[in-house]
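The first chain written gets the first letter, and so on, giving A, B and C; residue counts start at 1 in each chain.
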Amino acid sequence: MFAEYTASELTAIFAMQGFAGLILFSVLVLMALGLAIIFGQMGVINMAHGEFMILGAYVTYLTSNLFSEYMPSLFDGYFFVAMAMAFLVTFLLGMLVEWGLIRHLYKRPLDTLLATWGLSLILQQIYRSVFGAREVGVTLPDWMMGSYPLTDMVEVPINGIFVMVLTLVISIGIYFLMFRSRWGKQVRAVVQNRPMAGAVGINTEKVDRLTFGIGCGIAGIAGSAFTMIGSTGPTSGQLYIVDTFLVVVFGGAQSLLGTIASAFTISQAQSTMEFFLSGSMAKVLTLLFVVGILMLRPQGLFALKIRR
Amino acid sequence: MMKKAPPKATRDDSQASRRGLLKMLAALPASLMLASQISWAAPATSEVNTSGLAVTDDTVTVGILHSITGTMAISETGSVQAEKLAIEQINATGGVLGRQIEYIQEDGASDWPTFAEKSKKLLVNDKVAAVFGCWTSASRKAVLPVFEQYNGMLYYPTFYEGLEQSPNVIYTGQEATQQIIAGIDWVVKEKGAKSFYLLGSDYIWPRTSNKIARKHIEKLGLKVVGEEYYPLGHTQFNSVINKIKLRKPDVIYAIVVGGSNVAFYKQLKAAGIDLTKEKPLLLTISVTEDEILGIGGENIDGAYAAMKYFQSLDNPNNEAFVKAFKERWGDDIVIGDVTQAAYLGPWLWKAAVEKAGSFDIDKVRAASPGIELTTAPEGYVRIHENHHLWSKTRVGLAQPDGQYKVVYESEDLIEPNPFPEGYQ
Amino acid sequence: MNHKQITYFPRKDLIGFAILAAVLMLVLPMALDVFRLNLVGKYLTYAFVAIGLVLCWGYGGILSLGQGVFFGLGGYCMAMFLKLESSDPESTKIQSTPGIPDFMDWNQITELPWWWEPFYSLPFTLFAVVAVPVLFAFIISVAMFKRRVGGVYFAIITQAIAAILTILIIGQQGYTGGVNGITDLRTLLGWDIRTDEAKTILYFVCCLLLLASLATAQIIRRNKVGRILVAMRDQEDRVRFSGYDVSNFKIFVFCMAAAFSAIGGAMFTLQVGFMSPSFVGIVPSIEMVIYCAVGGRLSLLGAVYGSLLVNWAKTSLSESFPELWLFGLGALFIGVVLAFPNGIAGLFQRYVEPYMPAWYHGRVAAKASEKGNSTTSGDNVTPDTSEEVPTGSDKQPATLKGGHYVNAE
């Protein structure tokens, strides 16, 4: 299929395709990180993850309206405010949900799945009642749209770079939070041995609530960022849920590094296949590939080798 | 059970004040008012209803069947609003055969068996005289056997893939050939397009439409350089955008639907393809003004769409329609192709009932071919023998404000041809 | 307890079955018109799935979020047969290739694919309705359970499989009818399935099959297999160390659940008149779990009542308050998990059964209560601890309970 193209065209295309894969990679990481924290560290299956993302998107939408209404001069920078707001709102909702729902269910992980599914239905209907059934259009500042031409052929989408940088920042942030902070140490202690952690004076309930809140908050940031590339509607969140869970499970649930590695594998596999095959088949093959590997290696790519 | 108009106030209902309704009446096209002058001396119920439909001496009951919950609620809301508006307007001008229309609204919940179930309820339990509803092909296919078995009448508003012609359905949207061929002819003639990249969501309508497009393109001796489908709800289009850049088509022919639309156009813009430069040019048949709300006008600026109706159409019928619609449902509302087609449903039914002088389904069906509507917002339409509408096709250029500017209009009405020879 | 004959139908279960049979076969047909009866018939097809889930989730602790796959496969097998029958050359003569299903003709397929051919035969179809899903379930479960994938992982992988199958069916529309599904099914061996009379007969067929499935499930539940499943759910390692091959039992119960779902799917196709990929996907699969949970995940009869109740609520709520329906459904999910983990059956056992007369409980249980044993779910095999959702405080969440994979290394 490449016979009719010149070498420079091919290089350009491979560069761009590689870049597309990287963007997809960032998107998947961003989607999955919040879930990886909640699912991997707490064992809670949060089926409402997608709805938390969409909440972030709606917050972004509201912030953008607010800015264009009252502070049009600052519109260029609203997105950063929006992301902070999105984090805050989803973080608080996450804590509330943990308090009202999740904390009763730590012993029954499969039941968290059902309860959060119920939560996701309720959230969807709330969005529909508040924002209407139609999708809302989030206006982005001009500088975020468009692309930066690297060469004649190769153009780099600015929002892609934005997502990549954001992912990098958040990943590093989480790394420090989990592995270099007191809170992270507590989370890991609680994950490894709850009664013992409690016995040495860690307030496990507080740690749980914060962990869940932060996981949801990251989902909110992801949702905010996805207004650049996707749609914002009451049911948009459901589009992400399967992919997100697969990324986390494929990576090995308790390993954040695993999540990143699996996002990389899946994104590269998918974007390569999308280039050579038609879109639907690429999707099917990617999913099959992931499920196949999971059957051979059920613990995922990275498993913590701990005796329990 | 949701009984009789006016139904419980939905969010949309509550937006409209009673004053709005009065204003809307004032805004009715003069021709409609004229029609109402010829008041029907209401004929006896036993004459106009020999088949046990829900018709009384002063009311007739119809059904509205759309999704107001679930994923399809996004698209179907506009159709519900249009149908309610048409019914209210008809009632305000004296109703049908001297009877006020009451409606029972059912929710298909974006779920095809629910559509089948509810349509059966409407026909069997409620004995409605007509049903206005369905949006997706899948929902129509699901209710079709029910309508044929219990002999109901469905007015279906969406542009769709054709390959169907049921005695129990009036298709008020365009079938694929009407929409596609005129659009491609225009882009070839006016823009000198030579090569096409066909892209769509993966289901029957985009696939069938692209098939017709491909046949037509190849008949013209031009080239299709790529054809590709993505699952419904897909949100990553960077790969296909790269392929488009590689193949350098003159035209991207896009039939992406639903949430994917937003992702596709945003990513297209982000990848540096400026549609206003028309290199490549983008022609779509799936993005109406409704979808642009979600996509954002600035992201689709410069794309062309081929369909039969745009909100910006410049004619008195449409001006009155848009005005009435906004007064009924709020100022910030937009009206897309399907919404307008849904609005035609009750009017076409009324005309057929009055021609037949009866609500009986069989008589309405017999009267339907040849029914004309001069007051349609899209202009003059007429029902063909095959139950589709003769209609014009227009090409609109998307503007940053989310509206289309009409740049072309087919000279004559285009004949509907649901089973196009040589395109299958 | 081993020397005792296992009683498959203790008296109170027998009474429950009898009441259910009477409600389904006598009360409902007399009280409802054909339209509503047909709706109930449709709800009952979901009850098949729920029964399977009781075995597999309630007893086996295996939550599958992909039961829609088996429901769909069973339904599609049936739909293929019916579609072929309604696509005889006579009634499809306007097509460019008469004699093949209409959607194939629209997709330029000029010849029936080979794997459609066997579906001309009704015996083969009936066989395939069960065999295809069971084979599929077997492959999935062998691959997973032999490698000790369990708990949450299994749930998510089944969910992914549901997603894959949906995309595949939609993408291969020339062979499967795509997103529209296989529609416009008319006759079964010349018998018009769309008439009121046919719907009534199909309703009774559906009821009989459901009662038969219930009896089968009851036998499995009361059998040694059922006991081992419960043991496995609660302490998998101990069962394994006792010398049982745990995975075989899991595979068995998963395949049984698939078989029940498939029968439900086939009955669905017959009663509703079409099959579409919207039953295969993730959302319906999870909704099917809620039917089971509402009824009580440990009660077979509860599963049937749960399916009926949720669907009835869905139909009537969505008729009168469409906007509220999702709130109701969502609240149901949460409520059933938080407040009533044993569902309707649990409420019944707790608040109604203690007041039932002694003859209801049967001889042995009556004795047990004389001894001051307050168990309300007593029967004559053993005081039954399986009748409770394990909320035990000594259990770690399953994901963290390394047994599934960490030890496998």
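Following the convention adopted for this analysis, a contact is a pair of C-beta atoms (placed from the backbone, for glycine too) under 8 Å apart; a residue touches a chain by one contact, two chains touch by 3 or more.
Keep in mind it's a predicted model, so treat the numbers as computed, not measured.
Note on interfaces A-C and B-C: more C-beta pairs are in contact across A-C. Chain centre most remote from that of chain A: B (centre = mean of CA atoms). Rounded to whole angstrom, the centroid-to-centroid distance between chain A and chain B, based on C-alpha atoms, equals 36 Å. With centres defined as mean CA coordinates, chain C is found 33 Å away from chain A.
Remark: chain B and chain C have CA centroids separated by 39 Å (rounded to whole angstrom). Residue positions 125, 128-129, 238, 280, 283 of chain A each touch two or more of the other chains.
Touching of two or more other chains is recorded for residues 11, 68-69, 202, 229, 231 of chain B.
For chain C, residues that reach two or more other chains under the stated contact definition are 167, 170-171, 323, 326.
Looking at the complex, you find that chain A touches chain B at residues 5, 9, 13, 16-17, 19-20, 23-24, 27, 125, 128-129, 132-140, 145-147, 149, 153, 155, 157-160, 226, 228-236, 238-240, 270-271, 274-275, 278-280, 282-283. Residues of chain A touching chain C in their complex: 39, 43, 45, 47, 101, 104-115, 117-122, 124-125, 128-129, 191, 238, 241-242, 245-246, 249, 253, 280-281, 283-284, 287-288, 290-291, 294-296, 298-299, 303-308.
Of all residues in chain C, only 35, 39, 42, 94, 96, 102-103, 105-108, 167, 170-171, 173, 178-181, 183-186, 194, 272-274, 276, 278, 315-316, 318-323, 325-326 touch chain B in the complex they form. Contacts from chain B toward chain C in the complex involve residues 1-2, 8, 10-11, 68-69, 106-107, 109, 111-114, 116-117, 120-121, 124-125, 136-138, 141-142, 144-145, 149, 163, 202-204, 207-208, 211, 229, 231-232, 419, 424. Only residues 57, 63, 65, 143-144, 147-149, 151-153, 155-157, 159-161, 163-164, 167-168, 170-171, 282-283, 286, 289-290, 293, 323, 326-327, 329-334, 336-338, 341, 389-393, 395-402, 404-406, 408-409 of chain C touch chain A when the two sit together in their complex.
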